[in-house]
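We call the chains A, B, C and D, going by the order they appear; numbering starts again at 1 in every chain.
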Amino acid sequence: MSSNTSSPTDLPDDHFHEECAVFGIYGHPEAANLTYLGLYALQHRGQEGTGIASLENGKLLLRKSPKLVSEFYTEDLLNDLKGNIAIGHNRYATAGGDPEKDLQPLTAFYSKGPIALVHNGNLTNAIELKREMENEGALFTTEVDSEVLVHLIARSTGMTMVEQMGAALSSVKGSYSFIVLLENSMLGVRDPLGLRPLSIGKIGDAYVLASETCAFDLIGAEFIRDVDPGEMVVINEKGMESHKLFVRKDAPCIFEIVYFARPDSQVFGYPVYLSRKRLGGRLAKDSAVEADLVIPVPDSGLAAALGYSEASGIPVDMGLIRNHYVGRTFIEPQQSIRHFGVKIKLNAVPSILKNKRIVVVDDSIVRGTTSRKIVSMLRAAGASEVHMRIASAPIISPCFYGIDTPTRTELIGATHSLEEIRRYVKADSLAYLSVDAMQEEIERAKDQNNSRKGFCTACFTGCYPIPFSKEERIQHGLFEG
Amino acid sequence: MSSNTSSPTDLPDDHFHEECAVFGIYGHPEAANLTYLGLYALQHRGQEGTGIASLENGKLLLRKSPKLVSEFYTEDLLNDLKGNIAIGHNRYATAGGDPEKDLQPLTAFYSKGPIALVHNGNLTNAIELKREMENEGALFTTEVDSEVLVHLIARSTGMTMVEQMGAALSSVKGSYSFIVLLENSMLGVRDPLGLRPLSIGKIGDAYVLASETCAFDLIGAEFIRDVDPGEMVVINEKGMESHKLFVRKDAPCIFEIVYFARPDSQVFGYPVYLSRKRLGGRLAKDSAVEADLVIPVPDSGLAAALGYSEASGIPVDMGLIRNHYVGRTFIEPQQSIRHFGVKIKLNAVPSILKNKRIVVVDDSIVRGTTSRKIVSMLRAAGASEVHMRIASAPIISPCFYGIDTPTRTELIGATHSLEEIRRYVKADSLAYLSVDAMQEEIERAKDQNNSRKGFCTACFTGCYPIPFSKEERIQHGLFEG
Amino acid sequence: MSSNTSSPTDLPDDHFHEECAVFGIYGHPEAANLTYLGLYALQHRGQEGTGIASLENGKLLLRKSPKLVSEFYTEDLLNDLKGNIAIGHNRYATAGGDPEKDLQPLTAFYSKGPIALVHNGNLTNAIELKREMENEGALFTTEVDSEVLVHLIARSTGMTMVEQMGAALSSVKGSYSFIVLLENSMLGVRDPLGLRPLSIGKIGDAYVLASETCAFDLIGAEFIRDVDPGEMVVINEKGMESHKLFVRKDAPCIFEIVYFARPDSQVFGYPVYLSRKRLGGRLAKDSAVEADLVIPVPDSGLAAALGYSEASGIPVDMGLIRNHYVGRTFIEPQQSIRHFGVKIKLNAVPSILKNKRIVVVDDSIVRGTTSRKIVSMLRAAGASEVHMRIASAPIISPCFYGIDTPTRTELIGATHSLEEIRRYVKADSLAYLSVDAMQEEIERAKDQNNSRKGFCTACFTGCYPIPFSKEERIQHGLFEG
Amino acid sequence: MSSNTSSPTDLPDDHFHEECAVFGIYGHPEAANLTYLGLYALQHRGQEGTGIASLENGKLLLRKSPKLVSEFYTEDLLNDLKGNIAIGHNRYATAGGDPEKDLQPLTAFYSKGPIALVHNGNLTNAIELKREMENEGALFTTEVDSEVLVHLIARSTGMTMVEQMGAALSSVKGSYSFIVLLENSMLGVRDPLGLRPLSIGKIGDAYVLASETCAFDLIGAEFIRDVDPGEMVVINEKGMESHKLFVRKDAPCIFEIVYFARPDSQVFGYPVYLSRKRLGGRLAKDSAVEADLVIPVPDSGLAAALGYSEASGIPVDMGLIRNHYVGRTFIEPQQSIRHFGVKIKLNAVPSILKNKRIVVVDDSIVRGTTSRKIVSMLRAAGASEVHMRIASAPIISPCFYGIDTPTRTELIGATHSLEEIRRYVKADSLAYLSVDAMQEEIERAKDQNNSRKGFCTACFTGCYPIPFSKEERIQHGLFEG
C-alpha cells in the first residue's frame, strides 16, 4: 500500500471480549430458523463469525462464515439446513486462528456416526491433550481448542454415552459450556465451576439450550432452568435426562454480570440490568462526588449510570451519543482527527455538557486508552469537571477461561496505581468498586433467596479457581511483573 | 417459493422516514474520505443507498450502491474517488423507484461541463416540470425528482451562474436542501421556507456542507452557520460567497427536532437532545400520572423519557432493551411468534417491570402498530399499568416535503380519537403534547435569544406552508376523509 | 502495490476488436430468456459487458454488468426482466469510457414514453452533435456515442415515427446497426452503407433481430433476411413493415468476413467459414511454399489453414493447441517466463513440429507482436522452417466505423515493408493476400449469384466510403506518416 | 420455483469425467503463483473446484473454492499464499460430496507437524479403512477418500518417512497419484499400476510435479521424467531422491490418451495428439466409407478426424462450430428448443454440410445421447448421409480408478449391440476401433522404442487390473446385467 492513501482501521473498544455464544434446539420443525434467531439475540457475545449445523436423517448440514448473523444467513441458506435438530455458534476470532477455518460448529464423523459441537469457554490443557493424541496418530484440522473435545468423545470407550462423556471430560481442564449434536440426541454440559452460562428452555415440546435467556425471549421459548455446574443434560426423543458428571464447585464468571451478558438476560440466576444498576448505586454511595450531571458511556455504562443517578440524586443525561450504524472497521483519513477512533462511535454533546461538573460512568477499564479519549472529548465539549466512576473493581489479571484479555502488562489496573490511572485518563477524580462491594450488590439484585457460594473473580483478584501446573503458570506469564 | 418455507421480512418501524442526507466538501485533499465519514455520521437519515461523486481535473468520478455506508465503501473505492471536491448522499428508497438506478448523486454533462447534485427534500411540481421539458425534447434517465433540477440548471440561460440558478429554481416548488458540484465550484441552496436543514462548516481552509452538525463533529470541522432559507452559497477557490436567491419565509420542519436529527446535532439553531428532553418534561407537567417507573422506547424516546423522569420525579429504567445488531430484514419462521417483529429489536425485562406501574415514553405514533405491540410486551413482562406518553402531537396529515409518510387513512391520529387510539394500543392511559406546547418547549431549549417565526407543523396541523394547486390537492388526497 | 508482488495482466490478443453485438425480440413470452441466449451466441462480438432491457406494461426493466453473459445472467435476474419485448447488447469497452456507466442498452424516458436502444457501430460526428445539443440545454449521462441517437429521437419533430427517425438519422454520420425499443414497437436500422450487419429472423410469430445468424440457430429461429442498408424495419403488433430511410450505397465491412463473425454465421449473405477457407486456398495458390505441415493459429486461422492444406496438398496438423479455459486476465509471476502472454492461450507441440518445415496460417496481423511470439514458440518446439501466411491483406489504416483499432503508427502493415515485417516476426517467409484476391474469393464463396457492389476495405486500402471533413482528417491523424 | 419460469440446466457432455489435476512445486520463491498457472493449464482435468496450500515457516496457508481457476484466484489471494512450497488441485465433484467441504488440498496437523495432500485417483477400499480407523477413535471431517491417506500417514509407525509412507500405502488399494506437503519436503507417489499420470519437471533449481506435462510448458519448466508406478520421490533441500515402495505392474489408463489429457501433453511417454491422430487414421483403414467430408466433433474428435482425413483422403471441414464462451450451466427457456443442450456448445453449418455425405468423428460414446443429437443436427443442416466413427472401442464397464463413470446399465456400449447403437444415434453407419487396434496405434505414436507392458483397458474390456473382493463386486454392480 502506498504511503499516501487512507487505510481501514479496526474500531477500538477497550473491553474484554467474550469468545462465544452457543445455541441448540432439539425436536422442532424449524430448528435452523430458530437457531438463527437465537444467534441473532446472542450476537453481542461474538461478532467475528457464525455457524449453524443441522441434522436430517443422519446427514450433517453445515454453514459457517466470518460474518455477522444479520449479514450471513439468508432464507435459502436456512432452508438448506434441514432437520429438526440444530446447533449454532457466534465467535470472536482469537489471535493466530484462521478466520475462515476456525469457526464453529465443529463437525466430524466417528464410529458412532456424525457429531457436531459448539463451545463457549477455554480448555486450559488443550495443547497437552492435543500433543498426546497426535502422538497416537490423531489428525487435527483446526486450531480450535474444542477440537480436542471432539477427539476425546470419539476415542472414549465407555459403555453408555454418559460414561463416554464422563470419561472424555475427566481429562479436560478449564471452562466449558458446550452443546453436542449426535445422531439421535443433543447434549448440554457445563464445567464443574460453571464458569460460563448455559440455560435450558422449552418451546412447545422442543428443548432449547442457549448461552443467555434473551435468546429464549426472542423465539418465545420458556426459560426452565440453568444447566448446573458439572451437569450434563441429554435431550432425545424421550425428553430430557440429567446426569451429574462432576461435583459442582460453583464459580461463575462475575464479568458476565458486569459486562458480557445482555442487560435483558438473567444469568446464573441474576437479573443482569438490575445487578448493574445496583453496582452503579453502590458506586454513588462509596465514592460520592459533588456534580451536576451523571453521564453514561453508552451502552455499557447505562444501567450503572442510572443506578448512580438514583442513589446520588444527580440527574442523568445522554451527554455522549452513540452512533448505532458503525461497522467493524472504518477507513481513517491520513490527516489525523482528534479522538477519531472513539468519535466514530461516540459524540459528546456541548449543549448538555457545557460548564457542567459531570460524573461519567462506565462498566470497566481494561487498557485505559478509550477512557482517556472519552474524558478528553467531554472536556472539549465544555465539561468543567470530569469525575470517572467505574462500576467494577480494577482489572489486574488476565482470564484463562474463555475471555479474550490482554496480557497482564497491558492491563492498566495491574501496572498502575489508582492515582496513576486517574492522571493517565486525565479525570478530576476516579473511583472503582471493591470486589466485596460488587459481590454484595449482585447478590442483592437477586429476588430469590438461594445461597450462592461465590463468583470467579480472578480478573479482579488474581485468584484462579482452577490450580495451574507450574508449566501453565510460566506459559501464562503469571510470574511476570 | 413453496409454502412451507420461512421468508425474510422487513423490520417494522412505526416512524416517519427521512428521505436523505447530503454532504459536500470543497478544497480538501481527502475529500472523498471525509465525505464517507460525513455520510457515516448521517447514516440515520437514510439507510437504503449511498453514493459519492468527486471531481478531479474536470473528470467526474462516481460510486453508488443500495448498501449501508459501513458496508459499501472500501479503501480501494475511496482511493478511486480522486480530487479535492466531493459530494455524497444517503437515501431512503421511495415507492416505485429502482433501488439501483435511483440513487444519488445524480451526475451529467451539460454545456458548461460536468455537474453532480445531491438533494434532500421533495419538489412538489416535479412531474409537471418533467412533462414540460420532455415535450421540449428532454430525456430523463431516472425517476428521482432531483433530475428535474439538473435539467433546469442545464437549460437556464442567465448570464452568471447566480442568475442561472435563480432562474432554474424560480420554477421549482417544494422543499429542497441541495448541494451541486460544478467544474470549479460547489453550491449549497435551501428553499425559501428552509424546510430541510443544511449547515456550513470549515475544516482548515476547506468548506463543508452537511445536513446535520454531527457530521462536522466526526471529521473535526468547525460549525460556522446554517445556509439561510432562500440563500445560495457559492464555494470556490476564492472562498465562500452568499447570494439571496429568494426572500426567506422560515418554516423549518419541526419533525427534524422531534425525531429525525441525531440527538447530538444542532438543527435550525436548536440543540436536538435538549429540545427532546424539554418535550418530555412538558409531557410530565401536562399529562401527569401516578407511576413507579418511566420506561423509554429506545432509542427514539430516551431523551423525552429522561425529561419526563426529571420533571415528574419518577425514576427512569431501561425496561425495554434494544438489540443493536439488527439488520434491515430478518427471516421469520413460519410458526408465528408473539410480537415478533418488534421483539427482534426490543425486549422487555421482567425483573424491572414486574408489578410496576409504568409510563412508557416514545417520540411519536404513526400507524400505532408498534405501540400496540410494545404495550403488550410490557404487560407480558409483568407491568401492572402501562401509561403511554408521546412527546409530540398526534400526526394527522401526510408530509409532501421530503418525508416518506403513509397516506392520511393510515395515520391513526388522523382517523381515530385519542380514546380510540388508547384502546387500540391497549394502554391504561395515553397522552400527546399539543402543537403549541411543542413549539414553546423547543424555543426554550435554545440558549441564544434569537426570535423564530415558527416551524412547519403540517403533519400535526394539516396547515401546509406552500399553497397547493387544486390538482395537487386531489393528487395528494387532501380532500379524502 | 509493492514491487515484489505479482500482478494481473490482460491477455494479449493481436486482433481488431469489434465493439458490439445487438439482439432484439418482439412478441415472445420468454423475450428476456431468448435475448440472453442470443447474447450467449454473440459473445465473441464483445466480452467486456452485457445488458438486457425489457418492457412490460410500459415499464422499462434493465440489468447490465461488466461481465460475461455466462457469468452475469441468473434465473432470478431473467425472471425479473418481464415482458414480451426485449433488447440486449454485448460490448467492448472503449478507451476512456467507464466500464460500469457506459454499458448498453441505454434507457430513458421522453415525451412519448420509455425508450431503450442498443447500437453496433460508430457515429463519427457524435461529438459535434453532442456539443450542439448541450448548447440547447441537453444533459448527457454517459460517454457512449449512441446517447446522441436517443437525444435526436427525443427531439425529432416529424409527424409519424418514420418521419421522426428519418429526421433524427439524417444528421448522423458513420456506421450504425441499432435496435430501438419503444412502448409498442421495436425498430431495426442500418446505415446507408450497411457497414455493420443486422439480420431478421422469426421464431413462431415473434420477430428477432440480431447481429449474426448464429444467434438465430441457437434459439431455433428461422433466418428471414438482412435489414438492408438504409432500411428501417418497424415491428409491432401488426407484424413487420419496411421503410427506406436512405438510398443504399452498400459497403459492408470486409473484416466481418475475415475475422469478426462466427464461422457458422452467414453475414451480408456470405457463408463465413467457406469464405475464410477460400481465402486460405487462394493463399496457397498465390504464395506457395514447400513445407511438411500446415499449422493453423487456433481458432482464428483454422478455416484458412484447412483451405491452404486442401489447395496445396500439404497436410494440416494442430501444432498449436489452444487452452479453452483462459479468462480475461491472468496473474503473471515476477520472474519472466518466455512467450508468457501467448503461451497461456496457445502451446506448441514438439512431437508434431520437430524437424518439420511448417506453414503457419493466421487471419490477420495488427501489431505483429503475437505473430512474433508464435513463430518463436514454433521454432522452440523444433520446427525447422516457419513460413507465415496471412489470409488477408496488410492492415494499413485505422477503422472509424465501430472497430477498436490502434492508431496508424501502431499498425505494422502501415509502417513497415513486407520484408521488414518478415524480419520482425522472424519467419522464413511471409505472405499476405491482395485486396483484390480477397474480394474475388469471398464473392466465390457465395452460392447465390447476386451481384455485390463491393466491401468497405478501408483498413486495407485507406479508402474510406464516407468522406471526412478536414477537421475529422486532422483529428483522426489521417495526414500522419 | 413456480412452474412458469425458466430454470438453469447443466450443460450436457457425454464424456467420462476425470476427477482431478494435481500440481506441486518445491523451492521456488513464487510457489503459489506457479501453482496457480499449473492449475490453469490443467483446468481440463477438473472444473468444479480448485485449491492451493502453501507452507511458510511451518505455517500452512490454504485457499479453496468451488470455482474455476480463472475465476477464483486473485493477486491478493496468491500474495497471501506465502512460502516457497505449494501444492494445488482441480477437481470434479463426485456425487454425494459437499461442493464446499470436499475440496482439496486436504490439510491437517499431526504429530510431525503440518501436512497437506492432493490426490488424483480412487482408493477402492477407502470405506473399509475409514470404518476400521473410526473404530479406533479416528475422526473424519470430509467425505473425500484421500482423507484416509492422511490418517494412514499420521498413524504410520515406521522409523523413517519412507518406511512410514510404505506402511501407510501398503493397506491402500486402487489408483493414486498424490502429492504430499510436509514441513520440510514434498512427496510424489504413484500406485504400482501407475493408473493415473504424474510427471516430474524442473524450473531452475525448483522441482515441480504435475498431472500432465502441459503444466510444465506454461511455466517454462523442463520435463524430466514421470514418477514410476510404485515409486515415491522425496523432494527436499538436498534435491530429489527416489524410493521404490512397490514393484511396478504398469497398467496406465488408456483413456488418458483417448480423451482426458490435453493434446499437447505427453502422458505415460506417449504424445497425446499424435496418438489420437493415429487412432483416427486406423479408423479410416478399418472402417472405410465413401463420403465427401470428414467432420470432427470439436474439440475432442479433432485430432482423430485429421488422422481419418489424412488416411482416407477425404477432406476435413469444420462443419460443427464450437462456442468457446459457454459456462457450466445455462438458463433454458420453458419452450423447448430442438437439440438445445448440444446446440449451445455446437452449431452445425449448412453451407458446409448441405447435400454432403459426411463422416463425423468423435473420441468415444458414453450414453449416446449427445451423439444422437449431433447426428440429428447434421442432418437438419443438410447432410445427405452421416457416418459416425469413434476413435476408441465401445465402453462396456465402469471405471473404479478415479474416473466418474455412469453405472453399467447407463453405458450404451454395455447394453446395446453395435447395430442397436447405430439405430439409436440414427447414423447411416457406425464404427468403433477394436481394443487391440487402439493399443497398436498408440504404441506406434511413440518415438522412442521402449517396450510397454500394456494399458488398463477395463472400461473397454471389463478386465480390471486389481482383483476385487466379492463384496466389492457386489457393491460395484459387476454382476449386474
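The working rule: a residue touches a chain if its C-beta (ideal position, glycine included) is under 8 Å from a C-beta of that chain, and two chains touch if they have at least 3 such contacts.
What you see is a predicted model, and the numbers here were worked out from it, not measured in a lab.
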Chains touching both chain A and chain C: B, D
Chain whose average C-alpha position is farthest from chain D's own: B
Rounded Å distance, chain A centre to chain D centre (Cα mean): 50
Between chain B and chain D, centroid-to-centroid distance (C-alpha), Å: 61
Whole-Å separation of chain centres (CA-atom averages), chain A against chain B: 36
Contacts with two or more other chains, residues of chain D listed in rising order: none
Chain A-facing residues of chain B, complex: 5-8, 29-30, 33-34, 36-37, 40-41, 43-44, 47, 68-71, 73-75, 78-79, 214, 217-220, 262-264, 266, 271, 273-274, 277, 299, 302-303, 306, 310, 315-318, 321, 323-327, 330-335, 337-338, 340, 343-344, 347-349, 351-352, 447
In the complex with chain D, residue positions of chain A that touch it: 62, 101, 107-111, 131, 134-135, 137-141, 150-151, 154-155
